[in-house]
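Take this structure, written in structure tokens, and hold onto it; I'll ask about it next.
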Amino acid sequence: MKAVTLGELMLRLEPFDYLRFVQSEDFEATFGGGEANVAVSLANYGIDAKFVSKLPKHEIGQAAINSLRKYGVDTSYVVRGGDRVGIYFLEKGASQRASKVIYDRAGSAFALSESKEYNWDEIFKGVTWFHFSGITPALGENVAKLTEEACIAAKKHGVTISCDLNYRNKLWSKEKAREVMTKLMKYVDVCIGNEDDANDVFGIKAENNDTSAGKLNKAGYVSVAQQLINKFGFKYVAITLRTSISASENNWAAMIYDGKTPYLSKEYHMNIIDRVGGGDSFAGGLIYALMNEYPLQETIDFAVAASCLKHSIEGDFNLVSVDEVKKLAAGDGSGRVQR
Amino acid sequence: MKAVTLGELMLRLEPFDYLRFVQSEDFEATFGGGEANVAVSLANYGIDAKFVSKLPKHEIGQAAINSLRKYGVDTSYVVRGGDRVGIYFLEKGASQRASKVIYDRAGSAFALSESKEYNWDEIFKGVTWFHFSGITPALGENVAKLTEEACIAAKKHGVTISCDLNYRNKLWSKEKAREVMTKLMKYVDVCIGNEDDANDVFGIKAENNDTSAGKLNKAGYVSVAQQLINKFGFKYVAITLRTSISASENNWAAMIYDGKTPYLSKEYHMNIIDRVGGGDSFAGGLIYALMNEYPLQETIDFAVAASCLKHSIEGDFNLVSVDEVKKLAAGDGSGRVQR
Amino acid sequence: MKAVTLGELMLRLEPFDYLRFVQSEDFEATFGGGEANVAVSLANYGIDAKFVSKLPKHEIGQAAINSLRKYGVDTSYVVRGGDRVGIYFLEKGASQRASKVIYDRAGSAFALSESKEYNWDEIFKGVTWFHFSGITPALGENVAKLTEEACIAAKKHGVTISCDLNYRNKLWSKEKAREVMTKLMKYVDVCIGNEDDANDVFGIKAENNDTSAGKLNKAGYVSVAQQLINKFGFKYVAITLRTSISASENNWAAMIYDGKTPYLSKEYHMNIIDRVGGGDSFAGGLIYALMNEYPLQETIDFAVAASCLKHSIEGDFNLVSVDEVKKLAAGDGSGRVQR
Amino acid sequence: MKAVTLGELMLRLEPFDYLRFVQSEDFEATFGGGEANVAVSLANYGIDAKFVSKLPKHEIGQAAINSLRKYGVDTSYVVRGGDRVGIYFLEKGASQRASKVIYDRAGSAFALSESKEYNWDEIFKGVTWFHFSGITPALGENVAKLTEEACIAAKKHGVTISCDLNYRNKLWSKEKAREVMTKLMKYVDVCIGNEDDANDVFGIKAENNDTSAGKLNKAGYVSVAQQLINKFGFKYVAITLRTSISASENNWAAMIYDGKTPYLSKEYHMNIIDRVGGGDSFAGGLIYALMNEYPLQETIDFAVAASCLKHSIEGDFNLVSVDEVKKLAAGDGSGRVQR
Amino acid sequence: MKAVTLGELMLRLEPFDYLRFVQSEDFEATFGGGEANVAVSLANYGIDAKFVSKLPKHEIGQAAINSLRKYGVDTSYVVRGGDRVGIYFLEKGASQRASKVIYDRAGSAFALSESKEYNWDEIFKGVTWFHFSGITPALGENVAKLTEEACIAAKKHGVTISCDLNYRNKLWSKEKAREVMTKLMKYVDVCIGNEDDANDVFGIKAENNDTSAGKLNKAGYVSVAQQLINKFGFKYVAITLRTSISASENNWAAMIYDGKTPYLSKEYHMNIIDRVGGGDSFAGGLIYALMNEYPLQETIDFAVAASCLKHSIEGDFNLVSVDEVKKLAAGDGSGRVQR
Amino acid sequence: MKAVTLGELMLRLEPFDYLRFVQSEDFEATFGGGEANVAVSLANYGIDAKFVSKLPKHEIGQAAINSLRKYGVDTSYVVRGGDRVGIYFLEKGASQRASKVIYDRAGSAFALSESKEYNWDEIFKGVTWFHFSGITPALGENVAKLTEEACIAAKKHGVTISCDLNYRNKLWSKEKAREVMTKLMKYVDVCIGNEDDANDVFGIKAENNDTSAGKLNKAGYVSVAQQLINKFGFKYVAITLRTSISASENNWAAMIYDGKTPYLSKEYHMNIIDRVGGGDSFAGGLIYALMNEYPLQETIDFAVAASCLKHSIEGDFNLVSVDEVKKLAAGDGSGRVQR
């Protein structure tokens, strides 16, 4: 099975351990980005995953490519050219101190790329699934346009399309997001979001739900999902439910809804190693399960277990196997040494 | 606004991660010390903070100076000379294993310095606040004497004086501490201590309070504060309230009392990254709030939020901004990624 | 007092921090192995501890020797020769992600060694205690044979023998384990195991006990211990009781039984730094307490406090002093800074 | 004595040791840039050095500020604002493999800043020396313009001006450089360059000189210096003479010329630790010597010894004292341990 | 163009910096092995390079796979199974202290693999070049046999075969090597060796040559090459010429001979960063040049420049581009910063 | 064979790589000191080496003990007590930048110890050789006195005594050194020094010798040695001859003289990894060779080869085997990989 994701791969620069930016004399240098993270998840699960983007020819661009090849992602459709690899600086929080992200991604090779640089027909040949997130069209008019052309080509090839709403207010306003995303939603089959995205992007509110109180209100999420389905005709809506106790401890669960029945996962209490990429790892698990036609309860259980494990792994990428995810989904979260 | 702190800046040598001393082949080398830590807090909040001390001319002394300049502390009144930078070795504890400090500070340049090396009149020109802690006079008769002369000069310039009792039984006996500190208290306007200091230094006990049981007993702390005010005429007494669950988890709160009303902060449950300098960061927050004439409830909320954040930061220094402290004081301790 | 332990010392290769194997560009390289770990515990407590094994003459073998000498273990009875130091790769888990061990120990110098290479009479001269674990005889017929010969020689010299059952299913089948271990048990005075070992090795089940539910069932453990005593005539049976909440948090307690009265320790809630070697540190504490003829309640309290502290220490070795253990056993687990 | 330098301070990201970009999982994160490097040199020599630039308010901008404050540079005239800190990636070469620089500095806060953001009259009050390099005006028309306005203001305040030609062909063409630099040269008193700059920027060639053959041809350099003086009326021209044997070994010397007599330094054979900032450290030494009115032979000896030492120091900054430079200039380059 | 290499990929464990094995608490963990190193060279040059071997399914085996995928090597023909990844420990020498290798490779998955596990016909489909070294058949009778079957299949598909003699006396005796290698030479078109290999493996001596004196004797090498051609009918013989001044400095050159004319490269004086894989990088450069039908002088210049650069790069792999090699081959070894 | 050395073991704190003190955020923490270094050399060569000193009971003192036990030195005669472990800070030089040592050793446990704390009769029982250096008596009157008492006891037990003059002008004046050392020399059989020591301590000058010109003048050294023998009746005088080209490159040779014939070693050109402990490693090699009654030419060749290798090893200790030293002494300094 083949899948394609489209987006930006950034250089992630992070102080060691829990140092603050102003204390740091070194950065861990890895790569990450919503759609690339999904591609790595899929490649780890054995899917033939292609990542589509644009990266400079120089060595920093090459290192970005290599970070994906290492985990088996097919990078042959990454256009090479442009000047910059987008950067994000990440300071890891702890306890009451929140993690901080400083974006330095303007003017990246991908953000400046044009649809004509990509051969969509060749890219989608034989492909089953296409995924992008709301970050991609937020990078600029040109990228929004090429995202739409990718969707059109994907549809032409009968590809299922998923979109993680992934609203980032540092990239665009809610108004702009609503305008652009509304246009794209007509191609989307599976809509993924967290507890805030539907409201931020489409103004759709969960009724009777109070995330600040840390309570999951199933009815509220079903209400949101139903409204999304009503408005855009999605086949499935999946919503992640995070309760932030502190930067060190979170609870994590999710729901998938097919317009009829809501399927709710169990909730995990997590000691957090790295929270970035948590949503992407959920999307990766969800897509894998749906590509393999797992029943919906198994699908949501797999996706949540996959992303629960991600929170224990350094870096944007979720480096887990299908077996490891299934073991946790089956209930073994005791963390006993495997020897 | 200008503030002055007086004390010793030490080289802090700490095994990496959670290694024990006997396992360590490397030390993290930072600098710290109660009054220097307060100066860094104040400089981070935008106060013109001067640190007064004595440090050798050699490169280790210079590195100590640089560690303060980096964060904007004015080091122009640090006398240069002498042979040693005081050292403390710190082994970070975890779970039931306590952190350990080994002092190697005897004979440091500051501990051997004399009052005549400091130009107190010049130092206190235009200054609003002067802070020292009980560690400073504990370093020797000569240092106790220069602390008193600093207090006299400060008073002459109309400077408000705060003192953190900070009793260290490895530095002096309770008897000696009581004798010397009693003499100094007459200059002090704001007295800061933890739940044990008042008893250790002045034999003043909290009535009806049981810290070993981890319970905060408001009435007990008010009783201690009232006795301190009665005895020394302090304007304010501030007391920090730590509940040590283990080396990895603490609860943290504080109270300020003006002789009439006790103002109690909320209590934070903290996953600890570095607990050293916690009290100093409280003093730093408190002084900032009082210098800016915050109402007392806001003052104690600011000071406790500031020091709560410190526990998530490596090193002696509390590297947080006023905005970050206010955000936590306003209730956002969920640790959600800021992006 | 002199003690001897017999077993394999392996090179332990571990990714830094919480990195997964596939992310790691570096390994921490330490040494460890059940019986060597016990020897280090005993040496730290002031016992003259001899470790008996075989290690190659080359520098990796020498580094293994040095790792024990550093902590005062007598390595003069380690036979030098053979080609390989056994290796185990350890990936540290966190939260719901379990730690993983990959063994690469086949063909090690010790696993290929023969009884005739060891001068048992000289080794046990003046010795009070001999310890081995179920891992040693699991390494092969030759090693099982030399273990038995060691037991015979120890008995001849009036040495007390302890055995930690330590069943490892990657090393041998339950059937093979039962056959070999049954033969060895007749020499053993003190039998140590965790909640699964008695069942895995001898098919002896705790009645009315449910470890998966995380509940300690005292009656169940007494039942197991009684059956072991009935079958093999042990003087004491000690059982550790671990409740794995996740890879980051465990509860920990233990029981010792003399055939008449069960002595149960308090239970510790632990934030885990390194869980490997936890059982060995229990054995080390137990042996020390029994060698010093502590009363049984003190014995079990000392052994559990010792191993509780081990979980906060990196590496296989439990680097704690008698004073530190006694302090925790006496109830001080608050982790307050010692300064 | 007060000096001002104007330019960009960049984040310098460098793989550890001699790793190539594509191997690197971490970057050393320091800060550097031609004019900031000169300011650090001057501050280390005891000059009151002010660095003028623009840097963002966020933590990466703050860390850049801190990197200068640490070494005593006055950053109070750095304008705060804008989005980006310019970045350069540095791969350190060895033997026949050259070091590589990848610039990612477009759109930095300084490159987008305008003259009106700087209060030149206040900046140059009481200042003796102003330094900039050819990199500053190369950053854009707006920066070229503000450089000229700085020169005009400096001249108004009677400040001596030095300029290091520092031609970078990745920043602008030779034609553009000649046009802009020619306009600026009329304000310049001291012109600094390497063996290629005069030709690259002004088309002025050393007669009878062959740098590729590694031979210093004194007559050739005098010819270049004389032509520069003839054309622009400089008071002094200083030229550095580097012979690159390989990335690991260089020879290093320089000449200063006052229009009458050429003063040539001795030549050093250097094992290179970090070659970046070598030219800036020469400028720093030269300016210090000229500010202190050293005789010209002493001036060039000091400047070359200073920059020789820089090649043994990691990072852009030349962290040496006047005493250390003088000791080498006096002939002690034996590297004997100082104890 | 497609190329195949066959051999073992090992885990390379190396103390940091110049630490000795007995000092090391950490190992750099990379992967390497003669034929894998050649595959990486070829992939870096743009060749579709396939590496054929066998590696375990566990995470250490996976990490080995990933190390090749990262640099674009096709690993789809690596058989997965077996227990061990072979290991070699490397201590880096300096000055008069030689580098040391300790092999721990017995019983690796590849060393125990059988010819029938490989589908030679599929592997060689469309392939132009096949490379192996003398290390491969030295791993055991079974591996010698599968090497021969690979040669037979390659010949059947019209593939050119190169062999690097690579004699390792820790793996087999000279007698055994001669017997096995003689049988394999009949398939080989291009024979590669260093100054000792021809003598060690085939007893063919360079006449009138004295490597211990550090002198290259062209006539001697031609004599060896001619004898090899006479005996085995090779199309080309290429010989590397290393002069070891110390572990820190080497001279490096090579010759290729076609039975008529010897083509000698220039000699490079190298400051050594990592000398391991130097010969493999020569083979990689040579094969690339021959696959692209460079003239023989250009071929030997390219191969020697490629391997000269390798000595400045950490790890077994030669991470250089065709452009970088050509630049050095064209004479630019000055190591000037590229910016 | 048993040997005893007497002196101070210090904590050595060193910035990573070539960082200057003011750049360093971490220190490598090892242990070293002249006489301890000799003990480690001897233990590595298989001698039963005892180190006599005093170290605190706390964990830093314990880590010092462990650093010696690791390499097999007998520490059972180290007195435990006192407050401080002496410290020296070491900044490693490169090229023209010299290494720097900052001592912070005043008031160490050993420097404050008294002769009565050592049981000299027990210490020298069965011992063949006793070694100390001029650093030991320089630590204070009390230590000079206990050194003399050690010498007297050693003589009583028929022990051969060697002394490395090791003059350190930061520890005492030349006058004081001459007075104290003259008194001790009467016990000494073998006197070791570098090219300056005899002059610094005893005012004995090499005739016709010019070390600053980097030339070895054999006649000059013989003259010094003869004068030393004449004055103190030494059996042998050994002098090391270092030519410092730079901090990165030194030449190294030595001479031993028995009053009749001077035996001069070959001279090595060294790329320096760590130069500290070079003289101690010479003493260690010399003592080993003399204890084993090597002929004098072999003795000096062994000692110089041993210390040549030390310069390639990080830390104070010379971690080489007899075989490695003999191999170099026999002429193999080519640094070829041993595999």
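Things worth noting here:
Going by the order they are written in, the chains are A, B, C, D, E and F; count residues from 1 in each one.
Please note the rule applied: a residue touches a chain if its C-beta (ideal position, glycine included) is under 8 Å from a C-beta of that chain, and two chains touch if they have at least 3 such contacts.
Remember, predicted model here, so these are calculated numbers, not experimental data.
Taking shared numbers over all numbers used, the chain A to chain C interface scores under half, which places it in the different class. Distance between Cα centroids is largest for the pairing of chain A with F.
The chain with its CA mean position farthest from that of chain E is B.
Inter-chain spacing, taken between the CA centroids of chain D and chain F, is 44 Å.
Inter-chain spacing, taken between the CA centroids of chain B and chain E, is 62 Å. Among the residues of chain C, those touching two or more other chains are numbered 17, 20, 22, 25, 66, 71, 100. A complete list of chain pairs in contact reads A-B, A-C, A-D, A-E, B-C, B-D, B-F, C-E, C-F, D-E, D-F, E-F.
Residues 66-67, 69-72 of chain A are the ones touching chain E in the complex.
Note for the complex: chain B touches chain C at residues 17-20, 22-23, 93-101, 103, 168, 170, 244-249, 275-276. Here chain E touches chain C in the complex through residues 13, 20-22, 24-30, 58-60, 62-63, 66, 83-85, 87, 89, 91, 100, 102, 104, 106-107, going by the rule given at the top. Residue ranges of chain F in contact with chain E, taken from their complex: 17, 71, 268-273, 305, 308-309, 311-315, 319-320, 324, 328, 332-339.
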